[in-house]
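Step one of this worksheet: look at the structure below.
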Amino acid sequence: MATQPSRDLETFPNPTPERDYTIRMRIPEFTCLCPKTGQPDFATLHLEYVPEATCVELKSLKLYIWSFRDEGAFHEAVTNQILEDLVAATQPRFMRLRAEFWMRGGIDTSVIVDHRADNWHPGTPVHLP
Amino acid sequence: MATQPSRDLETFPNPTPERDYTIRMRIPEFTCLCPKTGQPDFATLHLEYVPEATCVELKSLKLYIWSFRDEGAFHEAVTNQILEDLVAATQPRFMRLRAEFWMRGGIDTSVIVDHRADNWHPGTPVHLP
Amino acid sequence: MATQPSRDLETFPNPTPERDYTIRMRIPEFTCLCPKTGQPDFATLHLEYVPEATCVELKSLKLYIWSFRDEGAFHEAVTNQILEDLVAATQPRFMRLRAEFWMRGGIDTSVIVDHRADNWHPGTPVHLP
Amino acid sequence: MATQPSRDLETFPNPTPERDYTIRMRIPEFTCLCPKTGQPDFATLHLEYVPEATCVELKSLKLYIWSFRDEGAFHEAVTNQILEDLVAATQPRFMRLRAEFWMRGGIDTSVIVDHRADNWHPGTPVHLP
Amino acid sequence: MATQPSRDLETFPNPTPERDYTIRMRIPEFTCLCPKTGQPDFATLHLEYVPEATCVELKSLKLYIWSFRDEGAFHEAVTNQILEDLVAATQPRFMRLRAEFWMRGGIDTSVIVDHRADNWHPGTPVHLP
Amino acid sequence: MATQPSRDLETFPNPTPERDYTIRMRIPEFTCLCPKTGQPDFATLHLEYVPEATCVELKSLKLYIWSFRDEGAFHEAVTNQILEDLVAATQPRFMRLRAEFWMRGGIDTSVIVDHRADNWHPGTPVHLP
Amino acid sequence: MATQPSRDLETFPNPTPERDYTIRMRIPEFTCLCPKTGQPDFATLHLEYVPEATCVELKSLKLYIWSFRDEGAFHEAVTNQILEDLVAATQPRFMRLRAEFWMRGGIDTSVIVDHRADNWHPGTPVHLP
Amino acid sequence: MATQPSRDLETFPNPTPERDYTIRMRIPEFTCLCPKTGQPDFATLHLEYVPEATCVELKSLKLYIWSFRDEGAFHEAVTNQILEDLVAATQPRFMRLRAEFWMRGGIDTSVIVDHRADNWHPGTPVHLP
Amino acid sequence: MATQPSRDLETFPNPTPERDYTIRMRIPEFTCLCPKTGQPDFATLHLEYVPEATCVELKSLKLYIWSFRDEGAFHEAVTNQILEDLVAATQPRFMRLRAEFWMRGGIDTSVIVDHRADNWHPGTPVHLP
Amino acid sequence: MATQPSRDLETFPNPTPERDYTIRMRIPEFTCLCPKTGQPDFATLHLEYVPEATCVELKSLKLYIWSFRDEGAFHEAVTNQILEDLVAATQPRFMRLRAEFWMRGGIDTSVIVDHRADNWHPGTPVHLP
């Protein structure tokens, strides 16, 4: 039985909510339609977040990404929308999405959006030499 | 007015049919659907050919590639079909298509197909040191 | 009908002005003329900005870049001018332009210029490990 | 329901047996056990073949590769065995397997094995410049 | 005599406990099983730490990594568990683990977890130009 | 005094006409105009040849390349034209030109053309291991 | 008429002294002589600076670099000297020079020197995500 | 108990002598002494061979490589010697050794030597496109 | 006359002690012996420092590195020892040593150690965009 | 005592003249003067040869390369001259020289020249898969 695209993002409980840590995902298979020309656009998405109570489930994320295949979407708006959907679904401490769209008109465009929970502050970073 | 996907491949006259030469194209935006699961598949196409009387027109090639977006297609069959369509449209002296499909099930797959006209033989190749 | 080069930069409304986020563009097709020798110069432009009320429209940006093709321009001055034109058109919270000019006289030169709105301060950056 | 490792290699009919063409697969997830020490070994497999009547099915290939996870296997012998199993299952015109094993004792080892059907000869290769 | 996988992590005394310094290890041979499908998962682990009284012994670390080969483990949970086991064994001043899991469902996932001893603060970092 | 673009290709005598040898040039600064849209196109040219009595002079080659800046030119035709101009100017034993045009419509295109003098045959190539 | 090496560094007025911005140059053609052995040494120079009233002129910089061709010079001393000459000529707000000398005795050596004007402070840096 | 360097090369039976196939090894840890200066030299060895009745055993190969650590050896002579020792030990159908020595006096040197058994001829190579 | 390995590190006077600057060296030819197995270990050393009154002399550094060739040495201890010897010889304002040891047991290990003089503080770093 | 540049190329006896084998050298430190402008030119030389009775000695080759530092030399002529000098000194079975000159006028140029002894023929090459 074939799976279906879906805007429902499923989650699972964060196994170690007592600790701030990073989950980072590379999603090379994003495609949508240009609202002006109707032609396909393509992007690689880079998602990174610090989970609070839940993490996004991998398979539902894939179906969610698929759900944009027939949608008209501007680069800036769709990147903001995906971040907002992911924030709504997982309520993370912090989340950032970078969408690297493929060349159009001789120009490469990336859009980078992030969200920080009101009550969350990153710890002092440790960069070992 | 939005353009439309199309299986019609347009051509233009080869400006120097008196000479064997190579045209090589990289087309990173191929996507179709897996016939088993209905999920999107992606590939980068690499086309190279020696034209006879006509060359394939760039914009119509883009619309042709787009026309597979909603089609179910197996890797091996669709690579053969695209080559055959391009051969039928341009009747080249020689043409080769390499389709590099993205990882599925932990495995990357490429399919490479070529066509040689009955009456054509490549000249002795010259490889300068 | 052929398009024309143009210094008019068009914009569209920022879809999420309530949020600071980044738009980054790579523009490899910049060329102008050297004011001393009249010979062509080439550069790749890297633009990044945090939009306020408007974003720069991709196609008009391409025509704008094209408009320097027959202009004499020094590296330092033209990079400053392009930034200023883009700032005037979009009034961004922050904008930076890096112009990487191709080798001349055995030397590669880059010029990097930025602009920050008077009333804007970047939030504390979050660098996930 | 969990899938299981399996030595059964499934095939599907070659869609264009009238033509010689290449199928190439990169399989980075091979692991087995060293017969001397019992410790895990790892390899990336590179398979390329010209199909005759059948092609190897991707999912069964993955389960086949998995079936070596608990087997003791020498580098040279297991590369030959995998090639022979794949030849027995698909009866190809030509098949080559390159197994790139990860460093042991400060030395990287690759084993490359191929099989050609008795009645098959490669056409004269065409290398476009 | 064959060695065996083992959860026992052995240590040796830090030769210079009077000084904060970094030990960094790349461990490309991690494999476990997906708890949902039972199929193998793979990851490269990147460990970095500032030792206190003890350092982790290389050979026992290899046997420890091996001990996950037949275990079902979620990406997020197992990365946290390995960090905790290493912290318990070595009681470091600081430790960070980055697990880069291989592509599943067209998505690459990394999990990055760290631990800082209560009484430890990094010195002011020196970055030479 | 500013230099000018020019179609005049100057040459100098081959210092060792008694020997077949290779001269190879990479020319990244080619730009012309698209005959359909009037917009700029860009390419990197790769030239290699075996000289007969003369070699092409570097500075005049640069001015020749510059002379296409305001010309409308199709990819296939202009590559053939440049080769023919260079052959006419230098009468080489062998010459090959590869023009790698930058992405248009999501597709990269290269055109590769060569010329062999009637009375010239390449020696048996020596490839040292 | 042949040009000559020269220690005279020429400058031109900074077109936008009202703004801090960066000029960065890569100069791969530095060579001098080892004072101990008399043998040639080679380096790639990387210069970056924030101009005050003047910028260094490209052609005179090339002749200046050439002027070290017959000079004996230790790595550390010559890097300091070049920085000082460039500071004296341009009086920049900030300038840094990195000289990457080629391998000698199996060891690669770089020397990195910078100068900051007494009255200049860098603005708070903005690093967009 | 510590292992020892040794010139004894051990072998094991070729598991598939009925077939020509390739074994390829990268050995980055070769070091010997320069006979003129007594100083250490370093090389990466690349070995490839078609076995006849026996294959070289990995651990004994490592001890053999180690045995040159205190030997004075010229680049050309030692590469020939290692090939001859490996040929004497394994009597291969074909064997090639490439030794890439690290830079001395500003020059990188590689030496590539091969051996073919009198009665062996390579089959016609198959290069799939 | 052959040179000899030596633990004596020679220095020369810092030509510009009035200025903080960086000297950075890459030393790929470090080898010692594993104290457990007696087998050779290899590492690339990366040294960077801010000199006070003296700099380390290149040739004596090479002989010093050579002096470990026949010594048994643990990764962590020997990296600390080399740093301490270099600090004792040159009394730098700041020095850092990174030793990247080659893979053992499927694991790459680096050790990074630094030293800061009591009375020295780095200036505020300037990172140009 | 300082060494001196010299056109004298010294040789040593080929240790295994009974066998055809390859010696390959990369020489990145070639510099001469442009005969037209007097300005320095730079190149990386790649030499490969099959020795007959003698091999070129490394240190004398370095002094020979140095001897061009103050010479005016055209790219094509000097590459041919160096090959001829090396052939005269070593009388090899085969020798090839590739000189990769650094960019001038926006164009990179390489010159590749070879020499084959009258009585020498390369054996049938063996390319293992």
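By written order: A, B, C, D, E, F, G, H, I and J. Residues from 1 in each chain.
FYI, a contact is a pair of C-beta atoms (placed from the backbone, for glycine too) under 8 Å apart; a residue touches a chain by one contact, two chains touch by 3 or more.
Which chain is which protein? Per UniProt: A, B, C, D, E, F, G, H, I, J = NADPH-dependent 7-cyano-7-deazaguanine reductase.
What you see is a predicted model, and the numbers here were worked out from it, not measured in a lab.
Between chain D and chain H, two chains of identical sequence, the interface residue sets overlap only in part, with shared numbers making up under half of the total. The chain with its C-alpha centre at the largest distance from the centre of chain E is F. It takes 180 degrees of rotation, in steps of 5, to superpose the Cα atoms of chain E onto those of chain H. A separation of 27 Å divides the Cα centre of chain B from that of chain D. Chain C and chain E have Cα centroids separated by 44 Å.
Averaged Cα coordinates give chain B a centre that lies 55 Å from the centre of chain I. Each of residues 22, 24, 28-29, 96, 102, 104, 106, 112, 114, 126, 128-129 in chain F touches at least two other chains.
Contact annotation for chain pairs lists A-B, A-C, A-E, A-F, A-G, A-I, B-D, B-E, B-F, B-H, B-J, C-E, C-F, C-G, C-I, C-J, D-E, D-F, D-H, D-I, D-J, E-G, E-I, F-H, F-J, G-H, G-I, G-J, H-I, H-J, with touch applied as defined.
Residue ranges on chain B touching chain A, taken from their complex, read 2-4, 28-29, 31, 36-40, 42, 66, 69, 102. If you check the complex, the residues on chain G that touch chain H are 102-104, 106. Contacts from chain E toward chain A in the complex involve residues 22, 24, 48, 50, 74, 76-77, 79-80, 94, 96, 104-114, 116, 122, 125-126. Contact residues of chain A toward chain G in the complex are 96, 98, 112, 114. Of all residues in chain D, only 14-16, 19, 21-29, 51, 55, 58-59, 61-62, 126-129 touch chain B in the complex they form.
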